[in-house]
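Down below are the structures I want you to see.
Both complexes below contain chain A, partnered by chain B and then by chain C.
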Partner chain A sequence: MSNTSRRRWPLLLPPLLWQLTFFLLPLLFLFVISFWSVVNFRLEPDMTLKNWDFMLSRSSFWSAYGHTWALALGAAAVTTACSFPAACSLAFTVSERTRKLALMFLVVPFFTSYLVRVYSWQAFLADNGIVNALLSVVGIDGLPMLNSDFGSLVGYVTLALPLVTLVQTMGLAQIDRNLIEAAHNLRAGPVRTLFEVIMPLAKPSLVVGALFAFILAFGDFVAPTYLGGGAPPTLSNLIIDTTKSGQQWPRAAVVAIVMILTLVLTSLAAVRLAYGRRK
Partner chain B sequence: MTQALVEIDRVSKRFGDYTAVTETSFSIGQGEFLAIMGSSGCGKTTMLRMLAGLEEPSAGEIRLEGCSQKGLPPWRRELPLVWQSLALFPFLSVLDNVGFGLKMRGVAKAERDRRSLAWLHKLELGEFASRNVMQLSGGQRQRVALARALVTEPKVLLLDEPLSALDAHLSVRMQALLRSLQRELGITFVYVTHSQTEAFSMADRVVIMSRGKVEQIGSPQAIYRHPANRFVAEFIGNVTILRGSVAEAGDQAIRLNTATGGMSVSRGNFAGAHGAQADFYVNADQIAIGDEPRHENHVRARFLSHKFIGNMVTLFLEVPGIDDDLKVILPERTYDCLGVQPGDSVVASWPAAAAHFFGGTA
Partner chain C sequence: MMSGNGMLKIGRWFGWAYTGYTFLFILAPIAASLVFSFNADRFPSLPLKGFTTDWYGGTFTDPLVIEAFQRSVMVSIPVALLSTILGFCAAYCDFRFEFRGKSLFGLLMLLPPTIPAVIMGLGMLSYLSRINLAGEVWAVLISHVVIALPFAMAMIRLRLAQMDAALEEASWNLRASPAQTLWHVVLPFCKQSLVAAFLITAAVSFDEFAVAWFVSGLNETVPVRVLVFLQGQVSPVINAIGTAVFTSSILLVAIGMGFSGMGKAKRAAADSPAQPAGGAVTNNGLSL
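After this line comes the complex of A and B, so read on.
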């Protein structure tokens, strides 16, 4: 260790302690209680695999797992697709001043609570809500939107869209304009330039943006509960149900650990895809 | 001159309030190596970008083989550019970088790989075809950029300061390569640079630009010997500019009174009247140094300093009555034989044929 880094390491202490106390230790605790027992609705230290066996052998767990995967993947795809055109125009067509202003406005939704934003969607998506009222004007009646996967997706996009747009815009804005001009100079029109040059160059930000959307959706409890109706359940719904019914914290811990492992592996795969070595 | 391939006709380019290029006209011949030279901000790169279609002229028009390029987007033009930053695609292999232009033209993969590989071999890059461009050295990348632009066999190749990032010896080798390629292929090269060495060593003709305007167009020799005006003279830097009033007009030479005494200057087509003030310049490599005057024009001067450029030495002399230093360029051996030291008093002399009026020999 060099002299300067030795002198500076105390600066790292606060975040290190924070992570240790509020992330690593609870995680360890989560792991430990997944082997505990519940006797008469009370947690008892134990060393048993029956929670793991109980959860992983049930098809309802695996269907919730599949459902969560599908919804999170859908959220990543829809959010990425919705963000990309906006990010492109922010990165390439507007002045830097306008871009900074727009990026600031992207943060504004975070000023209000996510729960409030999701609740307000209920007014739009309910069977007799605003969207259906407007649709009935043109003769379309009663589209079921609330309490469906569509509802969940709307919630996920609400959560992730600003962040994904931000990530994509920053990634696209960093692209060397000379490369785009070089593509034009070599007779690539706007559309071919988008697919042959801009998309490959923007790949890291596209993948990282999609990963953010996936992570946010995978663990989200608000959207699948209040817009998705909680049925079929996602893993977050499952955790709530498990803890509410009979104080089954150890079983909930199993679900949580599976979720964490899934996100870690997905993130590693995504980072590899985004920044993977080229030959 | 050969038939004009590219015509630049009263072209101007404005960016808001800023005028980058003002009413510029010149033409470029088939198979010509034309260098556009000037310091940064002179409009040379804007001119090149207008040729490539990356900027649209605010006024005037550019014609390629007589066809107006007005409103034609860059991807419909056949004017590949070699970028100062090279602009190679980092996500593609060397081979795919070279083949990009062919791919955009719908050339099938096998055919474009064959043609790309042929160019890579020609530029001694064959073994690197499957590598990533980021793994190559600066000089190798330079040649990849060149291959990428030439693989489509264009009529005109545009080059934007392509050698500015290379070290000196590599730059000299690339200059030789560019020149021989240009001769061999018979392609027109339009080469933008701020380097006099590059422009003068490669180009058939040089365009000197300053503040959006053309100051002079001519062969390197013509520009070197006969700068059209004070700007070019100072930019090339191989002459000393003096000023005097016309005292006597002869057939071959004009006699002027200057701050350092009477001087004879080649007449050329100078038409100044008796008593008129006139600027003239003295070629630095035609001045003799010694203890005695050897030519009809002579001044006593103090040797201030010198610098070596290759095997030539530039001497800076202080002459009473002249603001600028008198520049003298001597072969190194001549300089060594003189044995002068900074601070020594010397006599600088030159014939009337070494002194000219601006624009006097058009």
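After this line comes the complex of A and C, so read on.
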């Protein structure tokens, strides 16, 4: 026993120390500096609650919080709903070869710059952009899409859809086909089979997929800035403005901590929903 | 019965059409950026104005862009090397050893990509500036290893899951020391996934813009330069850079996948209850 423990340290320590020093400590440090103050644009160690008070007492902070929540929740719902039919199709109706090819195409976007894709969406969504040009062919007048919540949502879905479809397809592909056959033999129609057999069995992957979409949208600053117009701001916009323009790192740290707490609580709730009560 | 089958068939066709549209949605911005990068009009709109390679010419003679490219390459190679080595260590520990706090260890290793980049950026900026590293290329390197390591670990862990445990035992029985076994048995077995992890972590680093934007100061990498372009006015240069980077990273990834036999790894993962990457987070971490 002590033999294996001696053996594992040389392998365990390097990654452990690296992530402790450069991942955990920076996050903990955010918590520390949220109690520091800024004197002459310089960070000074302190023990004050004024940053917390400053941020949490403003209605603009809470409206940004609500706006971010609503957008992220919307992104999770829209992405989940949009990818589910495609995931079903890929999991149940195509050969394994086709499925593998499709999954590979889903991986492609991970290796294209998200910034470039968002810039590209601007060309689609602008008032005289591609989508409006196509709509005018069928006689629909210019719809305002850029610089609105709709624009932000398009960005979030772009960001999350490939991952969510991937997670859902893998979850659905693992469902025992015999259960679906059984439902069919027991005269359950396709709709009933979908809602009472497939969806409960696929629940973990549906919830985990939605959670990923929520996390990605909640933290993204590119879509709300360059497709949503930046107003009203989201929490990530708030962090950037506070950090970059005012050098007010402690106040930005307050926003960051509130975001992390929100994400942790949401994740715990989602995992409980996905896997039921454990312990 | 007939009509039931007919409905199923229609449903099936509808599903395929829908899936096609989904892929169109995913690939449209990528394709549009490729098309507009050759479009003579400065503004990305229809109809197209004619073919030009001016944007590419303009991009690759811009000293800021050239510098950013050199810096991105200089950062992404050591990032890939370090993440792959650390990722292998972490993956092997997860595979081989049982120890207290193992699930916490997994959480610590795999969590970074789920932390919003602005928060990582702010944390890194404030922390690294205390040790006088913020604004240096080192800061980008360190942050990118934190973000890329989980990808390397997940890929190598998937490969290790395919290894017969008896292989190592046989080697020990033949009097090879654990270190020799690691070097002569385990590493060769993982060789392809190591190459794949190297290429993919390089791509992750080459693509990361948010944390780099916070910590890099004046040392812009390519995506940070793109972000600066994006903050300015309409710029077809973004499409040119985007297309060039996309082509090179897809090449890297294709080579990486060729090396790893990702297909095999994926199939094995689909058969076993544990899922790769994202699934691994929930399996290892959140069932504490």
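Note that in this section the second predicted complex is superposed on the first by the 260 of 279 C-alpha atoms of A that agree within 3 Å, B and C clash if a C-alpha of one lies under 4 Å from a C-alpha of the other, contacts with A are read in each partner's own complex, and residues count from 1 in each chain.
The rule is simple: a residue touches a chain if its C-beta (ideal position, glycine included) is under 8 Å from a C-beta of that chain, and two chains touch if they have at least 3 such contacts.
Being a predicted model, the structure only gives us computed values, none of them experimental.
Once chain A of one complex is fitted onto chain A of the other, the partner contacts of A:201 are limited to chain B, with no touch recorded for chain C. Of the two partner chains placed around the shared chain by superposition, chain B is the only one that A:176 touches, whereas chain C remains out of contact. Looking at the superposition, the partner that touches the larger set of chain A residues, chain B or chain C, turns out to be C.
In the superposed pair of complexes, A:185 makes contact with chain B only, with no contact to chain C.
Applying the stated contact rule after C-alpha superposition, one finds that A:273 touches neither chain B nor chain C. Legend: residue contacts after superposition of the two complexes on their common chain; A:56 is shown touching neither chain B nor chain C. Once chain A of one complex is fitted onto chain A of the other, the partner contacts of A:135 are absent, as it touches neither chain B nor chain C.
Residue overlap on chain A between its contacts with chain B in one complex and with chain C in the other: 190, 278. By the touch criterion given at the top, residues 4-5, 7-8, 11-12, 14-16, 18-20, 22-27, 29-30, 33, 43, 82-83, 85-86, 88-90, 93-94, 100, 102-109, 111-124, 126, 128-130, 133, 157-158, 161-163, 165-167, 170, 173-174, 190, 208, 212, 215, 218-222, 226, 236, 239-240, 243, 249, 252-253, 256, 259-260, 263, 267-268, 271, 274-275, 278 of chain A touch chain C in their complex.
Residue ranges of chain C in contact with chain A, taken from their complex: 7-8, 11-12, 15-16, 18-19, 22-23, 25-30, 32-33, 36, 44-46, 85-87, 89-90, 92-93, 96-97, 99, 105, 108-109, 111-112, 114-120, 122-130, 142-143, 145-146, 149, 153, 178, 203, 207, 209-210, 214, 223, 226-227, 230, 238-239, 241-242, 245-246, 249-250, 252-253, 257, 263, 266-267, 269-270, 273, 275, 278-279, 282, 286-287.
Considering their complex, residues 52-54, 73-77, 79-81, 83, 85, 87, 89-91, 93, 100-101, 103-105, 130, 132, 148, 152 of chain B touch chain A.
Note for the complex: chain A touches chain B at residues 176, 178-179, 181-190, 192-193, 196-197, 200-201, 203, 278-279.
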